[in-house]
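If you scroll down you'll find the structure; I have some questions about it.
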Amino acid sequence: MTARLRLAIAGVGNNISALFQGAEYYRKLTLQGVAEADFVGITRPRIGGLGVSDLDFVAAFEIHPNKVGKPFDNAVLADPNNYPILDVTLPKVDFIVDEGFTKEDSEPGSARFKAIVSRLREAKAEVLLYSLPTGLQWALDAYARASLEAGVAFVNCTPDIGARSPELLAAYEKAAVPLIGDDLASHLGTSVVHRTLLGLLSERGITLASSYQLNFGGNEDFRNLRDHGANKRDSKINALAQDGVDTSNVEIIPSAGYVPHLKDSKVAMLNLEGLGWAGTPVSLDLKLKVQDSSNAAGVIIDLVRIAAAARRARLGGFSAAATRRLKSPAGGHPKFTPEIIENSFNQLDATPVR
Amino acid sequence: MTARLRLAIAGVGNNISALFQGAEYYRKLTLQGVAEADFVGITRPRIGGLGVSDLDFVAAFEIHPNKVGKPFDNAVLADPNNYPILDVTLPKVDFIVDEGFTKEDSEPGSARFKAIVSRLREAKAEVLLYSLPTGLQWALDAYARASLEAGVAFVNCTPDIGARSPELLAAYEKAAVPLIGDDLASHLGTSVVHRTLLGLLSERGITLASSYQLNFGGNEDFRNLRDHGANKRDSKINALAQDGVDTSNVEIIPSAGYVPHLKDSKVAMLNLEGLGWAGTPVSLDLKLKVQDSSNAAGVIIDLVRIAAAARRARLGGFSAAATRRLKSPAGGHPKFTPEIIENSFNQLDATPVR
Amino acid sequence: MTARLRLAIAGVGNNISALFQGAEYYRKLTLQGVAEADFVGITRPRIGGLGVSDLDFVAAFEIHPNKVGKPFDNAVLADPNNYPILDVTLPKVDFIVDEGFTKEDSEPGSARFKAIVSRLREAKAEVLLYSLPTGLQWALDAYARASLEAGVAFVNCTPDIGARSPELLAAYEKAAVPLIGDDLASHLGTSVVHRTLLGLLSERGITLASSYQLNFGGNEDFRNLRDHGANKRDSKINALAQDGVDTSNVEIIPSAGYVPHLKDSKVAMLNLEGLGWAGTPVSLDLKLKVQDSSNAAGVIIDLVRIAAAARRARLGGFSAAATRRLKSPAGGHPKFTPEIIENSFNQLDATPVR
Amino acid sequence: MTARLRLAIAGVGNNISALFQGAEYYRKLTLQGVAEADFVGITRPRIGGLGVSDLDFVAAFEIHPNKVGKPFDNAVLADPNNYPILDVTLPKVDFIVDEGFTKEDSEPGSARFKAIVSRLREAKAEVLLYSLPTGLQWALDAYARASLEAGVAFVNCTPDIGARSPELLAAYEKAAVPLIGDDLASHLGTSVVHRTLLGLLSERGITLASSYQLNFGGNEDFRNLRDHGANKRDSKINALAQDGVDTSNVEIIPSAGYVPHLKDSKVAMLNLEGLGWAGTPVSLDLKLKVQDSSNAAGVIIDLVRIAAAARRARLGGFSAAATRRLKSPAGGHPKFTPEIIENSFNQLDATPVR
């Protein structure tokens, strides 16, 4: 039997609540006799022999006072986390959440750095999942270096630069430690829906007259986005443009609003106005509602299993298997063909169990 | 310069109104100095050297009393046709609409048959566009045989069996006359949008819980569909299934209603409910509004040019170039690769102008 | 303390499942310490001293084989009923569902008639709730006469003619037995939303250009409506017109489709296109989703309490208190002023408890 | 015949473009033989004998370089104005737009003040329409005082304080000059639709669980609102609350985004989630699209006619007839009954023509 995945966490937000509760959701399904192949919302029941419930949370780093110093199973549900409470019995996971890096003590030589490296080693973590708010490049750098020093695979969920850094990637490769990133592609995000529809219009010869996309929600991301909307807008426009879609008449509002009662739900409104034969109009309005952190956790579950399986197989650096689960994979999007990606999965699956 | 396309019509409905008016719309754009490459709603400005305005309507067959015996430019706008009147100056096209086949006189030996063949010859028609209401197989058979006898290329817009008939196809091939069909793929139809979104969910690992599609509009099709909804539902479910989408939880209402004031507009409402990570919901609602007959004319314009170019090149039978513009092309969907299709276009484009 | 309401049922469909389960839902809220005034979805916590959980089901009549001869608590959840199973513990209510009227044996002298009258008397029913499918006038007549003979108050949920019949009303008045009807006004139905928005446009001086309303759902009503759509359309157009709204450009599709996976949910799509200053457009699209039988039960709970309280107060015939809960109240809509209605409630509330 | 209304303008934005073009739109309808009673988008064809086309623009004040010093008919269409160009022939109105108040020279004694008063007198203006961006109280004060000094009726479209100022109102009353304001109620605005639906839920006994409202558009208002969103949000929440609606679960995003290609169109997305019988859900999604400045002009046309008719009748101060066209009328909303309002209109209509 494959050993369970030992997972450490940097940033105990909603995504981690979704991951922790969701793993139990699938364990419950198994107990009810549901076969893995019938699990809802799962593309790949096994990666490197690991199932979606084969997670042991073993360490966590945070700076929010509601979470630091608390047992993990407590911290993961603490305010401002507002992912729904699923109808599952959560296991007792009562290691204490450690204080994470602050900007002041994030240097490799610092006491905090040493403490975090020791904690990762002592916990026998296989993977460190980096899931802090976007925009803290110094924090990503510090965790990535600590992870490398501890020999722990690193997964970067954020758009900050991790696996895209040639230096960092080379260092991980040299040490034969996996480095997976950057920027989680949502399970079913607004960008992919919008891009798909823009592509469809273009393919069918409908001329795009105008389009807009609005996103709003009630979790901390949307509160934060109020201030950082401009960058996010550009990054989303780029996400649309990646398949050659002309975005000159497309407007994106990444955070149209923070609507607290939506909690961890996210709503996107899309409109596409096109011109068909003889300039007659084609119009398309769409409302997409998702559970924001489930959208992340459904992809994180693959990335951490890829990272653990790669580490077990002593495959350092980036793993091609992760490519389609990321918005900005190391090496960019056109690098790996579907065949290479599939081979990468097969290689991970074939690794003899430790 | 390429000679203009000489087009005969069986069934002077909204699609023909859209085609006739739309050709003038693009002519007007040209006069305003708009380059062909910038035409809205057009995928292929030239096919076999023919532009989208290079149409001469030369004969038409109908049985509706508002149209038979009337000048064509008059008949094409007559009630119950309700395609919008575009802001263009229509040319005078005053040949008289002839009486078409009725079930009684549709046999090859009949006087009507001979009259129609003569009319096609005398008009020097290159293509006969078959655009009658769905479900009149006897009429399709009669027009297809008359067209063949007159040596005129035949284009079947309807789901009735034309190019899918091996006998008919063989006869056209033998006579070196093009036979293009069957069943127009809409420029941007509900099926392709629905299928695209179902495919996207599946690809992203979101489990489909349920989905529905409702269509309604105000033209004669929707009035007719009230009675024939059941067949259409099956055909639409099949259209969804064609890429391997599981349709067990999908319900389609081809004609949810006849809403007269929508006229030739068509509205579709789509809903997809999915289950993502931990069974949390993903929900997607879409409203699509199109000009129904523009949706057809934007594809017809390609099919008739393909048919004319093939005839000029003395290429009988089905033309691979038409494949993606049809729901049920002769030989089925997987027959032609994108390369074969592109080669077919190139061959047509390369044909020396007669 | 007010004695609990003894309720008999004709037609054990989804509405009754909603009523039965919902009464327990509110009992559970009470046990959890929620005050009546804070009950969700309830306008009037007490009528005639009766709370929303003060229901005892004492007799039921049906003809569906899945229900006749079964214990009531079993029959009420039997297929094709598909109201959701609420998270409540249902009480044991195991009287046997009796066979109801069939067209053949519905005459007052018949054995079935006598059996039903005896059953109502023996069960000490106070109210008979008539909730059969629409269109069975003979059944309504039979139950109404049996109810009258048994001295039991009668509530007609359907658009068939009950309290609007002057003869029937006179007979009930003479016998001092309440007769409440006809045609339940939904708790929040499509008609009232549509009428409200049409009225708003008109009041603000926006000219209505066109409007449509589509309804679809997955319960037996929608299956039935496929066949009887035309009558329902007229009745719904009338419902809109009742406040003087011009309906010449309004189209209503009462059953745009039967979408089985929606079960007892009902979806309505509304569109209003208006013309404002200088003929510039105003457009409004709305999607309304409700639990169809909750929409009924939320009103039924008031009607049966009104009927019981009126009977206890020995007030025969129609009760003004019921007016706004009905689409076609006895005497029509303008008959009772808000003051009269409020007085009627006060009179019921003031009745000394039996 | 009633003399035409002589109108002066402070702030030549989209609203004025809508008013100027719209007046011609209705003149064209009249020429086409359409009766006033059939005008689309008009509640009151005549006020004080004045029709909706009986406007003469006679003076205008602005500070935007694209408009100052230009002929009015030119300035009214100048960028950043982006109201659609209607299909009408605009009359030549070539008086020169004057430079308006700037903060520095807005004191009563200033040269600018004297110039504006003289211009109003010399132009024989009857009404000065104040239509500057919101938030410039000093500008409103200056124009209101200049208008009073010139004996010209003043109409305030903005939420800044005009007719609500007791001092200002007293001064206008004393001088027998009309003062109409404050804050235009849109012809069909988001607030009234939202309030109507919230009220409907409440009236029907559906408990509101949550609601949101998002607004976005492409004109200067939405660009400005990006910065001033917070105040607007409070004012919109207040607008909802005015009928006693509980707004604790309601979130409003006044400017969810500036979407340039929408130009002067405005889109609102509304969602209401309710709880009905047994806590089962009711959900309502609405998209409202309007021409923003038509929404204003459709009400302005009534206010300026009220102001002119009142001035002709020598009725100073506020006119009850204006009450329902304003969000914050002088004296507040409950002041005038429908009867008083109707009488006020009748008084204006009865005034003998000067």
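First chain written, first letter: the chains are A, B, C and D, and each begins at residue 1.
Assume contacts are C-beta pairs under 8 Å (C-beta built on N, C-alpha and C of every residue); 3 or more make two chains touch, one makes a residue touch a chain.
Keep in mind it's a predicted model, so treat the numbers as computed, not measured.
> If you tally the C-beta contacts for B-C and for C-D, which one comes out higher?
C-D
> How many angstrom lie between the CA centroids of subunit B and subunit C, rounded to a whole number?
So the centre of subunit B lies 49 Å away from the centre of subunit C.
> Between subunit C and subunit D, what is the gap in Å from one C-alpha centre to the other?
So the centroids are 45 Å from each other.
> Two or more other chains touching the same residue: where does that happen in subunit C?
285, 287
> According to the definition of touch, which chains form touching pairs?
Chains touch in the following pairs: A-B, A-D, B-C, C-D.
> Which residues of subunit B touch subunit A once you look at their complex with the stated criterion?
18, 21-22, 25-26, 40-44, 84, 86, 187-188, 192-193, 196-197, 200-201, 204-207, 274-291, 294-295, 297-298, 301
> Quick one: in the complex, what on subunit C touches subunit B?
Against subunit B, the touching part of subunit C is residues 209-210, 212, 214, 216, 249, 251, 253, 256-257, 259-262, 267, 269, 271, 285, 287.
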